[in-house]
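Okay, so subunit A shows up in both of these, paired with subunit B first and subunit C after.
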Partner chain A sequence: MTDQGIKSRPKYQRLALDPSGRHHLLLIDGPALSSEAADAGFDIAACETWIVIRRSAVPPEPILAEAPGAIRPFRSTAHLFSALQDRLARETMGLRIYAAGTEDFLWDIHGIADQAGMSRQELRFCHVGSKARRIFCVHCRTITAGVKTSIVACSGCGASLFVRDHFSRRLAAFMGVQVDAEAPGEVPDAEEIYA
Partner chain B sequence: MTLQFKPNETFRSDFAYGKSDADLLRFPFPFPEDAYMYSVNIEPHVRGGPTAAFAHVFDIDEHYVAECRERALVLAEDPKRCQVLPHMEMAEWDTLELIMESLAADYPDHFSLTKAGDLWTWVNRPLGIQQSFTFGEAHTLPYGPFEYITRQAQGDFTLQDQRDDNLYVDGGMVTTQADWSLEFNIGMTFHEWHGPVPLAHEKGVFDRALKYLLRLQYGRPVRRLNWTITINPRLDTSPENYPVWGPDRTTVTSENVGEKVHLRVELQTLFRLPRSNAILFGIRCYLASVADLARVPKWRRRLHRVLRDLHPEIQAYKGLPRYRQMVLDHLAPFDDGAPTSPGIQSDLDAL
Partner chain C sequence: MIADGPIPLRVHDIESLSPSLKRFSLTALHGGELPTAAPGAHIMLTLRGPDRVMKNAYSLVSPAACRDRYQIIVRHVAQSRGGSAFLHQGIRPGDVIEAAPPVNLFPLSQSARKHLLIGGGIGITPLLSYLPLLKARGARFELHQISSAEDVGVFERLLAPFAPGQEIRIHGGGRGAFDLAGILSRQPLGTHLYVCGPRPLMDAAASTAAALGWPPGKVHKESFGEAAGGLPFKAILARRGIEIDVGETQTLLEAIEATGIAAPCLCRGGACGECRLPVIEGEVEHRDDFLSAEEKAAQSAVMTCVSRARSARLVIDF
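Entry: the complex of A and B
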């Protein structure tokens, strides 16, 4: 992975429990916590855990105990996000959120938590899985998802966008800037660097 | 003071823009010495300084009317160049009060503000505006209070909320910017929105600047100068419109370099706001062509030396590589190697 030296690019750490938290909610983009996502001493039993199994046939369970050790499955990330919005609307101070998954998953959670009034200090993220990026075209404001290459065609205006490391947490996306704006047609070859 | 406004100037398409002799001599030339590197070059924003641009809280010059019209054009094309997050409403009123009171006090021939309790009347003679409104009630103005007053000011403005020992850029009026996007950056922390700047993070510039600004006091504003190079006297060099202005960089020739290439200076001011505890950041943009600057012996010598010796990463960040050599070739014959005086003043009384 290249590094353009831009400080807005998020840095991630393996998950560790925040002892100042009163209740710990662990959100996993998958069926289980990857071993690379947490410290060796991370006590998953101290968390209420939500997982995404990517199957439609998960029965809609009544809300289980919102308690340490409970595991709640979801059909998709969107299904989890929907429940998270509802849950955070009822939450009180002291909740800590831990999330492990792709950057899309992590920063969608950030957006929901921000809307609910949570601060960044109450969230801990570990990036695991695909390194593909969401790109916000700074010229036409279209978001192109799943970008794996250094240069990508904007799905909105067609511009050849250079993928900058500049990241907006509010938009949950990296910036794309037309690579041949000064000399149209001078587009370097795209390299796959965000696989 | 007498200001002769030039209402027909343009900052796009035909670029009908020029500087009077007095306007050139008040230019806030950004280099206090013959070399440039990032530093925490912050000083108190007190009245008076090395050029007349420092004489007032918010500087108004001969381009005022034309710049306000250019701002209105940009906003008509892209209303999101002005955005303020909802929790910043008190900071909007703080801004309106600060700008109205400062302009009325500094330029009584052009602006006036009268108050009868919360009922205020604002008169802006250069733009032909008279507006009565109730302070604190946004529905009594044609725009939100921040947008209303910054449509009548030169230069960009952002609003910084202070929380968690950090500054968040939670609002702005950004139509004359040096290649940064409010739509992309709004909501960012201090280090995030400065993320793309090279070298300065490693030098600790942003750590120290943030610590300094977190302690900024009401009534004690501060300022600094920043600079870049812009082709043509174009105010809107936004990332949004980079495909529109980027090709300008390929139009510089050895014949037109003096007229095409402009030194773009930002007189940046920072004010603690009284009710919201937010910080108002003013980014007042000045443009002068290389040909204009070459009329001032000290400035042409120094500009040549600064651009000649500029760190390669700063050259790249400021977009200079395509035409820098032509600027150097143009300025080199003017640089006789004589020493220059410290500081940014022109050392001239008249041209």
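Entry: the complex of A and C
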């Protein structure tokens, strides 16, 4: 059940600096880069780093230079995403983005980078933290976030959805398919497998 | 119209654009519409000269929407490959030429946010086919055409219909006065580069882009096989047990074809990989964009459309 053998299930790697890039922007869903997210030799000083601290008390005048070594804190991921959109609109070719965080965080960044015309060759993703999934109900098109179980009630239509490994990059979500479509009411027990 | 058989074309019109450039308009011999060719496509013409048959690839400059004719622009240079000289001197309106259906190895990217086009000399031709589409789509683009001083006028005339309100520059001082690194370093994210022209220009563009952090997937090169000539050598086709002389102005592919053997090929410019043949013995002077550096070093394959032998003999498994 944990490996459904589906190819669209994204694969991630520990972050390693891409020497072919000219500028490097590191985006972390948290206050610091966890040791499991990057290679031992990952030179964080070569990157401009954006972190999400989830506090209102963002230090008054942080180092806001757009330069390697600078660290810029954000109150929330939404705060970081809107700054990223503005930043990418005025960036030049040669940028590499490195991101470490939950799948929601990574694929929201993927969407913003894709909008700006960046290709997968210019992005490096490492999945750290919660394995909880964002589930797209294929029946009512509602997204249910933070799903940890193999079966979940859709937050839109209430259907019991089986959480598939089929991942849509466009929606940045896994597909959820009604589990009792053929035999209504026959819902197996949900197991917690995406903790 | 059968899409993959050869297409007989009639030379409808030949226009002299400059002392060395001619534009040929070719229509379907039996009338009707020609197969569509997306911007960036080329056709391969079979040219039957007095002493040999030549096959040359030419980029179409006619807009993709134009189905009643194919237009190509051909440069005649002093020591040019036989085909272009033949088109300039041996072809008259009304003549019939055979073409292979259009192939596109240089398409426009669908996901680019901006298109940066760089042409060198006659390398302007595929770029000319892009412009109507880019304008019609309202796409963001920037074009730099590198030119010798005497060609500035003709390139200006060719680009004039697309110039108003656009970033189109002609650099008449040749490549020396052209700030390639400056242009490549200020392009916005999501730009794709298309470069067509002499090999040194394409190599410089590709290496400068790579040094500035452009990912390889956003750099597109269209080669012309201009540097066809070199020292003569002998090619041995091992499976057939025949020996062929490859002349100074001939490519290995042309020499094989001259014996009547059909050899694989598509772009005839060292880009597509179709003409690759295994090498058994001898040293290859690689001139293609297809093989990786490791494959080139291994000396185990040759792209017959552009590469030659560095040794006096080259034994090929063919």
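As a working rule, the second predicted complex is superposed on the first by the 189 of 195 C-alpha atoms of A that agree within 3 Å, B and C clash if a C-alpha of one lies under 4 Å from a C-alpha of the other, contacts with A are read in each partner's own complex, and residues count from 1 in each chain.
Here is the rule we use: a residue touches a chain if its C-beta (ideal position, glycine included) is under 8 Å from a C-beta of that chain, and two chains touch if they have at least 3 such contacts.
Computed from a prediction, not measured in an experiment: that's the story for all the values here.
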Given the touch rule stated above, what does A:Gln121 touch, subunit B (first), subunit C (second), both, or neither? both
Looking only at subunit A, is it subunit B or subunit C that touches more of its residues? B
Considering only the touch criterion stated at the top, classify A:Glu91 as touching first (subunit B), second (subunit C), both, or neither. second
Name the contact category of A:His139: first (subunit B only), second (subunit C only), both, or neither. first
Classify the contacts of A:Arg164 with the two partner chains as first (subunit B alone), second (subunit C alone), both, or neither. first
Examine A:Ala183 and indicate which partner it touches, taking first as subunit B and second as subunit C; both and neither are also allowed. first
Would you please give the residues of subunit A that touch subunit B in one complex and also touch subunit C in the other complex? 119, 121
Touching residues of subunit A toward subunit C in the complex: what are they? 20-23, 88, 90-96, 116-119, 121-122
Spell out the part of subunit B that touches subunit A in their complex, as residue ranges. 164, 181, 183-188, 191-196, 198, 201, 239-243, 246-247, 249-250, 322
Within the complex, subunit A is touched by subunit C residues 111-114, 184-191, 209-210, 212-218
So, in the complex, the side of subunit A touching subunit B is made of residues 5-9, 119-121, 136, 138-139, 141, 159, 164-171, 175, 177-178, 181-184
